[in-house]
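For reference, the structures are reproduced in the following blocks.
One chain, chain A, appears in both complexes that follow, with chain B as partner in the first and chain C in the second.
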Partner chain A sequence: MIRPLVARLAQMLFVMAGISVITFAIFFATPGSDPSARIAGRNATPETLAAVRLSFGLDQPLPVQYGLLMQRLFITQDLTSFMNRGEKVVPQIVAATPVTLSLVAGAALLWVAGAGLFGVLAALRPGRALDRGLMLLGLVGVSMPVYWLGAVVNLVTQSRFHDSWLFSWVPPLGYIAFADDPWGWFKVLVLPSFTLAVFYIGLYSRVLRSALIEANQQDYIRTARAKGLSERRVLLAHALRTSLVSVVTLFGLDFGALVGGGALLTEVVFGLPGIGKLTYDALQALDLPVIMATVMYASFFVVAANALVDMLYAFIDPRVRDA
Partner chain B sequence: MTHLVGGPAATPAYAPGLWRPVLRRLRADRGALAAAVLLLAIVALCLAAPLYAARIAQTDPFRSNISGQITVNGAARAVIEDNAEGLGLGQTPIGPTGAASYLLGADSQGRDVAARLLYGGRASLLIATVATLLCMGLGGALGVVAGYFGGVVDAVLSRLLDVLWAFPVYLLAISLSIVAVGSGLHLGPLVIDSGNPLLPAFIIGLVGVPYVARPVRAQVQALRRSDFVLAAIGIGVPTPRILLVDVLPNVSSTLLVLVPLLMAINMLTESALSFLSIGVQAPAASWGTIIQDGLALLYTRPLVALAPGLAIMLTVLSLNLLGEALRDALDPRLAGRRS
Partner chain C sequence: MPEPLLQVRDLRVSFPGANAEHGLLRAVDGVSFDLAAGEVLGVVGESGSGKSVTLLSVLGLLGHSGAVVEGSVRFKGRELLGLSPRELQRVRGGDIAMVFQDPMTALTPVYSIGWQIVEQLRAHTDLSRAAAKARAIELLAAVGLPNPAAQFDRYPHQLSGGMRQRAVIAMALSCNPAVLVADEPTTALDVSVQAQILELIHRLRSDFGSAVVLITHDLGVVAGLADRVLVMYAGRVVERGSARALFEAAQHPYTWGLLGSIPPLAGPRPRRLPSIAGAPPALDALPAGCAFAPRCAVADARCATRPALPAQGAHAAACVLAPEQRAAARERCLQGGVTA
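Let's turn to the complex of A and B:
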């Protein structure tokens, strides 16, 4: 029981180290241009360039530079932006985190409910019109660029039909903190969460349906039917429970990935100042210290979340637990 | 993603007509046929972009035309019209004219949206195709090598793939793009400069490598232990020949199924990168950059942003439908369980 956990943790640390080396190499060791010019941003003065060189130790060997960057990112946390002079990067990320978490949590709630409903409905009568329709709808959902869907939602709710009774409640784009106004926080997050959830509703309802149909052919389901249980009870109490195991793993991975950067496009379209928006603004300004920091923190979060899911999985699934 | 029940050796690769029944099943699938027709139509339209711009719309979709005049139904109209609404200070590009020129209206630079849409599609399709080929080639090769040779080679490659796999796709693509957009890409003798549309293709292809390499590696690992490969090794068949004749045909269906699905994902990634302004660089256009341009006009001329999004959706949808049909056609057992 303990051995696999330790092994998984060791693997997590290895992957984190690997990611940090790759990120460092991309930003500091790509041939072709001077990293100090890249970090300082557009139209930097010679003084800024000199400051960058000193601050990142660019005159020292690469391993020292790597160590210095890691130290400033994670230990002293005093990495500063050269575009917005003196603005510390790490506190910005910390401040943006609740926004992203709110958005992703809302979306997760919607997609679990939506996918559960659609997946079960489709699996009730495989091959029938309802099943085919829902599955096609799911495929459409996974085929749309999320930022475009967000633009369509904005067009309908902010402009074309904003004055109708249906969408007059929609607040202007932006974010309201939960502590300031819980009801406003809720209203501001409904549509972005829905937009973000559409892709996952499509994906998960398809996954759940396949898992249910596969479970339906297992022996224990035949046993349950033979006991004379109602079809509904067989589906909901027996088939759904086993099917959930695969969905739960997927859910953990996707939730982690969304918090760590996947929600970027949605945040940009709806003007939500989360980690993704922070990255986007830094991209527009070519503010590399901010990008480096968000990339590093977000991917570490994703890797840690994945490791956690794997370990939880061992507790959920007795087949893995006892192996 | 794919369920390989009983291992890949269950279907002999050289049975006459492995592909014929697959094709037959594909042809019998009406959804797949419709998707293929739609995809071909989109590709053909996009390939005809220069023809459309020169002959029908008679415009240069890459030159801004802010003070231009066109004739619609006999009346002369400015391409960028002064806006009388509100304070009357704004300017609005001309909306859909329904005529040959500016069929879908103009964007904020006074460029023909319909012509740009076709050119943008060309770029998007090209990038997604090149990226997919790169994924397939590099991922397939890495997977075969790691799976077949095992040992130290496999350990090193697998750890590298683990790290790439765990790196969030957008973050890796963003990191690579932001550096490459500034200075181009220098890989030894290979130099891709920053304006080249192949740069995003290269980045997207690289990011997708683990998605191909990992399933291929697992399958080749199983093949390596199979009787016919062991027999081939036993009678002294040279390794390259074993890889080519015994291993590759057996992973070909895995690779084939991945093609449309990967292409769909690559289309979406390309559009996202271009939307974030780190994909295709101006003055070139892709569907993603046109949506980005159109966002500024979203409430006045929504079509500029809506049309390329619809185009992406239809293309990706038909690719997904094709991918699904292909998977079912290659593994009828699965199809039976699915329907």
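Let's turn to the complex of A and C:
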């Protein structure tokens, strides 16, 4: 039981190291471009360029540059931006992470609950009115762009109907830390989380529905019925439990990608200073150190979430445990 | 004669056809049989002859929302068709339990076999968790699993096919059902394990006192185990009789064909085994008369009207042949099969 977990963790570290090398190569070893000019930004003075070269060791061989970069990212954590003079990159990411985590965790909670409910209800009687209605609703959810939905939510709750009894509680755009004001933190995240979750509720309820319908064709479901179990128990304890395996895979991928910056659009629309917003601002300013660090952070998170899901499998699927 | 445990009368099961113009396809057409307590009834027929559908519909397990089930199924005098889902749940697994064909897929893969047996026990009795576990281990021991306490926590994928089928049988017997329906319980197993499982069913019948309905296409299984036999063809019962009578003096040409296709143990080895020419008819293209007539070597004009299975008599066949014609007809059927 322990050995496969350790093996999986080692594998994860290996993949992360590979990603860091590739990211480094893209930014520093692309032929025909001078990384110092790009890091320093437009209209940089020769002094700035010289400072960049010295700071990133650009006059030294590539492996040394790589080592230096990794040291500054992970050990001394003093990688600095040259756009916003002296702004340290790693603390920025560390500060942005809880914002993104709060947003995505809230959304994940909503989409798991929503998709679970809708998927199960739809799978109860495939092809009937309820199923068709819910799946149509799911399709609508999947097809609404999140930035548009976010803008509409803002329009309704911040502007047009803000003074109505329904939306007067909605705080202004921005973020409130949990440590400062838990209730404010909750209020400020409700609508962004919901907006982000709509797409995933639609997607996951469709996935769950087909997984359940497929499970219903299985022999073991007939056995469960023949045992004299209630329909509810057959559905929840047998069909849903075995469908979980495919849904958890998808969940790990999506959750990892969102925490890694995939919630960029939502964060920008709602003014949440998370990883996505950080990436967005850095991209607009072409702030290379920040972009590089967020890219690496994002890929690390996806890899870590996948490793976590793989380890979770051991608990939800006994067949994996022995493999 | 005392009231039978299970009495099926004129059971008809129809499914909506693949295209609407066919309307309903009748998969089971007027099946009647009785099952007495402690008896083993063999139900024999080719794939698609309706034998599984018949028994699944008894418990409302067709799992096909469009299926229409008509007729009457009485268990201990109580009508089962049309029971509410809740009442039916109590019958399933409690009074009438089922064992399915493929033990590889019949158990939920994510739960241990012990958990699954306890689940059934607790659905039908108010045993405590600990008592249910003790009972489950007893059952696993009764079906001959070595070291039952350790098997309790094992998952289906950790067991061989034969062991899984034993676990499935243990689960089916957990609530002392009056009737055990075994749907091709040995088809998916290799031959040595088949014999063990059949032996187990035979032994458990005396231990647990359950009547057994054994659905199979294997006449050898029926010969070894069944007291009485129904032969089904295209959704209808074509012959009914005690196992002994059926093997010694079958009356229906289809049964002759089935029996003729078993390799003989004694005598010279035939160059080719007789087979029944043709294939079973599709449900949407059943002949108006006897469904077997197109494949029957001795069919004549009388077969254009559907022969009824006599309701009375221990041994009866749905065939127009008079008793004195049978011997000659049988010869012709088996001859015809050799050249086919």
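Quick note on the criterion: the second predicted complex is superposed on the first by the 313 of 323 C-alpha atoms of A that agree within 3 Å, B and C clash if a C-alpha of one lies under 4 Å from a C-alpha of the other, contacts with A are read in each partner's own complex, and residues count from 1 in each chain.
By our rule, a contact is a pair of C-beta atoms (placed from the backbone, for glycine too) under 8 Å apart; a residue touches a chain by one contact, two chains touch by 3 or more.
Worth saying up front: this structure is predicted, and the values here are computed from it rather than measured.
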item	value
Touched partner set for A:Gly261, first chain B, second chain C, both or neither	first
First, second, both or neither for A:Ser102, with chain B first and chain C second	neither
First, second, both or neither for A:Tyr147, with chain B first and chain C second	first
First, second, both or neither for A:Arg38, with chain B first and chain C second	first
If touched residues of chain A are counted for chain B and for chain C, the larger one	B
Partner chain(s) touched by A:Gln284 [first = chain B, second = chain C, both, neither]	first
Which of chain B and chain C A:Arg222 touches, first, second, both or neither	second
Chain B versus chain C as contact partner of A:Thr157, first or second or both or neither	neither
Chain A positions touched by chain B in one structure and by chain C in the second	none
In the complex with chain C, residue positions of chain A that touch it	125, 216, 218-231, 233, 237-238, 241-242, 245, 316-319, 322
Footprint of chain A on chain B - complex, ascending	159-160, 162-164, 166-168, 170-172, 174-176, 178-180, 182-186, 191, 264, 268, 271-272, 275-278, 288, 291, 294-295, 298-299, 302, 305-306, 308-309, 312-313, 316-317, 320-321, 324, 337-339
Residues of chain C defined as touching chain A within the complex	59, 61, 63, 65, 85-86, 89-94, 97-98, 100, 102, 105-112, 119-120, 123-124, 155, 157-158, 168, 171, 175
Chain B-touching residues of chain A, taken from the complex the two chains share	11, 14-15, 18-19, 22-23, 26-27, 30-33, 38, 126-127, 139-140, 142-145, 147-149, 151-152, 154-155, 158-159, 210, 213-214, 217, 257, 260-262, 264-265, 268-269, 279-280, 283-284, 286, 288, 291-292, 294-295, 298-299, 302-303, 306
